[in-house]
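Here come two complexes built around chain A, the first alongside chain B, the second alongside chain C.
Let's look at the complex of A and B:
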């Protein structure tokens, strides 16, 4: 288990993270999402022990992460901006990783590298952006660590490669209990594969919940009232976070569970009423709007 | 056959359960036939093994499959399922008839 407690980090005047308490459970995929500049990368760097926290703590299986080789043996970190040695080939990098991680699986690396058709004699500097990302992920997975931390996981990968990387994670998770912690901008992608999601905004953690709980806590409704007056009743009885109107049709986001909604609407006469599943994207927008981040307002004046 | 529709608003685990419910009801998967292992299916669908496990737990709860410790999951021989599905379809049909009669379309007129 990776746990951060009241984690705070500033760079000069800029407060990058404040008071983050997040838990990464073993055997689950945890995803980090956040607005631009929310502190996702900083959080990952703190967990990886690259940065020293100003306040609070990061522990990896009860061990402090910063400057601690024992904790660092348990995870591997793939940063947003990849780093390879000058003039290195894939083979050189694999040998370097193998010298750092005692359980490095060179056989697996060769097998995967061939499956992903990366040439090991070619200099990495001649690789494309996506190929570099593939190589970095393969190098990391073959370190056979318990945790893998990935920043901007799918950045630069084409759809086929994205699927291949996800399959690779699925294999490693069922095979040896790998626990990935990933950040991504593609909400749809995280939604499909994560068990647990942490939502960061302006250095704070807005939410950290299992995706199922998150989705049952917020609902999207579509309805047409027989009598518009009933809208007031609904707004009074339910926590309506957003209400958009298209003609007679109301599309509402409410903070409630299905039963509550069914109960309120059982007393109301509607022409049409439907509960729709909420996507992570809508959740993200609803939650960050609540925290004062409405991009549309910035654009549409 | 195993492709997930990423545009589909249903959660992935529901897509998996629906897919296997239909395969089992249609007889495409016979009683005692092994289900793909969680690992294999997760890799095939490029999804989280926990999601597949969740789908299997749901299928087991509904009586579509049974699990044998250490050996995996198998299709259960369960004649009640067809009856359950028949009831479910009938309920849906009744709802359609009711909707039709609410706006003044008779049963005969609808079936024409």
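Let's look at the complex of A and C:
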């Protein structure tokens, strides 16, 4: 488990992170979402032991991360700004990673490299941005560490490659229990893969919750009432967090479980009624609206 | 046991990775050392003008401290130090290296060891190849090998010290270009400091040459590089300072924040100290350069020069610190402190606050004195004068000193100025020297001194050459005509030497300032000696010269008799025009 406790980091007069407490559970995909400058990269660099916290702690399996090779053997970090040796090829980098990480799987690297159509003898400096990103992810995955820290993972990847990378993570999770911690400035990038999401804004953690927990208590309804007066009844009996009207169609977000909703609507005459799954975006809107944040501006682009 | 195996395996893996990253440096190091120690030596040995022992001497010289290996060492140490930690200035490289399972200690000492191995192995391999080349050229003997290895050990210490300074420069900065500048400042600051203070002393204080201020290379290994290359001295200092500086660099690295990457000088205190120190030196140097080092240049001129220097240098430093030319006036207070310190020092000299320039000794406290006119007298000549000149006319010396100081304060308006250095042997054993310029109108005082036996004994080596026969391996007597266009030489002829010596001493009976200061010699005798215990091109003592005047009839007769005399060919009839110039007494050379 990766845990940060009251983590605070400043760069000169600028407070990059303030009092962040976050837990990354083993076997789950945790997403870090926030706008540029929210503190995602700083948090990942602190977890990777590159930066030293001003206050608070970062532990990886209960080992402090900063300047601790024991903790660092448990993860591999793919930063937003990638670095490869001058004139290096994919093979050179793989050999380097193999010398650094004792469980490095060279066979897997060769297999994945071929699957991703990366040429091992071609100099990395001639790769496209997306190819470099793919290579960095493959190198990291093949290190066979317990955790993988990925900063702006999907930046530069085309939709096909994004899907392939997500699928790769899913395979690694099921095969050997890989725990990815992924940051992105866009919620939509993460909505189909994350188990747990942390929302960062201006160095603070607005929320950190399991998606299942969030989904369990929130529902999205679409309905057309036969009599508009029934709306008042619904609002009286259910905790309606949002109600958008498009002509006769009401799109409501309610804080309730399916049974409660079914019970209320069983006494109401509707022309059309449907319960829909909430997107990650809608979940965040619902969760953060109460705190006075317009989450659309923060994470949806 | 497992843990030991694992840590040694980790160490080797790390070394392997660092070597791979630094392939180009390894190749460069081998190439440069081999080019010098093997190829260059081969080329020198193929020169057919050198043979036998001379070849071994050549190789010994090239392998020794005086050779180019010391220069390669300094440049190599800077390169290895800066390149080793260059990744600290980039966020991408920092993220890459610092997130890997390697401790900061392992990283730091891994690079230190790796750099030292590159230097040592490339140097030793090149020496080995050099020995083979020298062997083929019949120029290899035990002396050559031992000289090469002693120089190698000395250079290793020099390398370590310079390398440590370069690593410190990287740790104090966050940008590779600024690190190189910082390294140059760290390595040369002490030299600049000594030079600046000495320039002030030389120009503004009546202090004799050779007794100047020195920090004795207490900080930078390059401060004593000249002595080091001559004699290999300061080894202990180099290694000690190297260890201290590397320790500081290591502590800085242990606590270095990753966010320093890209920040030119992240430590504020370093910025300010450096700024004060650099402006201090620059203000002094600029003032000396632009005023010609004259003590009597007007004070306001010096102040203006210092202020301009402060603004320019301070501005450039702030532009570098902040990577922004708009911030040239930031930290102005520190510029002012540096400039004020320079001004205080400069004005201290200007107003002679120590009273050094007005000091005239109490004659009762002085046991004897000696005087020289040669401002750049070689050490062996100075030692001779110091030993044998025992002038007792202290009042006359004091008169000359007072006139010299007065002349300096009132300005050197006389056409012909005679530069002299007077040394007082105090009764408490101290020797105090003063360097002044005096007008030739002090003829009477100078006549009195120069005509005395006390002066002649301490000035002309002929009086005390007892050791010549026993210590000289080889000596020559050369006579140059008046305009040095022709000469005659005789080697190891003791009889001629004794005859010339006897005649010259007899002629010196008429020697005084009126002769030496107003007459051009018709020729010069040069005595050159090579001591027995030295070989090759190393001379135990340099040449002594003796001016021969028209009235030195005894000397001229012996020179003619021994076939050494050669007349001056040029005459007034050959001249298109004649220019009258002041000249130096004894040497007869003109002062332009």
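Methods note: the second predicted complex is superposed on the first by the 217 of 301 C-alpha atoms of A that agree within 3 Å, B and C clash if a C-alpha of one lies under 4 Å from a C-alpha of the other, contacts with A are read in each partner's own complex, and residues count from 1 in each chain.
Please note the rule applied: contacts are C-beta pairs under 8 Å (C-beta built on N, C-alpha and C of every residue); 3 or more make two chains touch, one makes a residue touch a chain.
Treat the numbers as computed from the prediction; the structure is a model and nothing was measured.
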| item | value |
| --- | --- |
| Three-chain arrangement built on chain A, chain B and chain C clash or fit | fit |
| Partner chain in contact with A:85 - chain B first, chain C second, else both or neither | second |
| Touching partner for A:194 - first (chain B), second (chain C), both, neither | first |
| First (chain B), second (chain C), both or neither touched by A:107 | neither |
| Which superposed partner A:279 touches (first chain B, second chain C, both, neither) | first |
| Which of chain B and chain C A:244 touches, first, second, both or neither | neither |
| Partner chain in contact with A:175 - chain B first, chain C second, else both or neither | first |
| Touched partner set for A:62, first chain B, second chain C, both or neither | neither |
| Partner chain(s) touched by A:77 [first = chain B, second = chain C, both, neither] | second |
| After fitting on chain A: smallest Cα gap, chain B-chain C, Å | 26 |
| Residues on chain A lying within both footprints (that of chain B and that of chain C) | none |
| Footprint of chain A on chain B - complex, ascending | 4, 6, 9-12, 38-39, 42-44, 46-51 |
| Chain C residues touching chain A - in the complex, by the definition given at the top | 13, 16-17, 20-21, 90-96, 98-104, 106, 257-259 |
| Touching residues (chain side chain A, partner chain B) in the complex | 27-29, 162-164, 166-167, 169-171, 173-175, 188, 192-195, 215, 276-277, 279 |
| Chain A to chain C touching residues, read off their complex | 11, 45, 48-52, 67-70, 72-73, 75-77, 79, 81-83, 85, 96, 99-101, 149 |
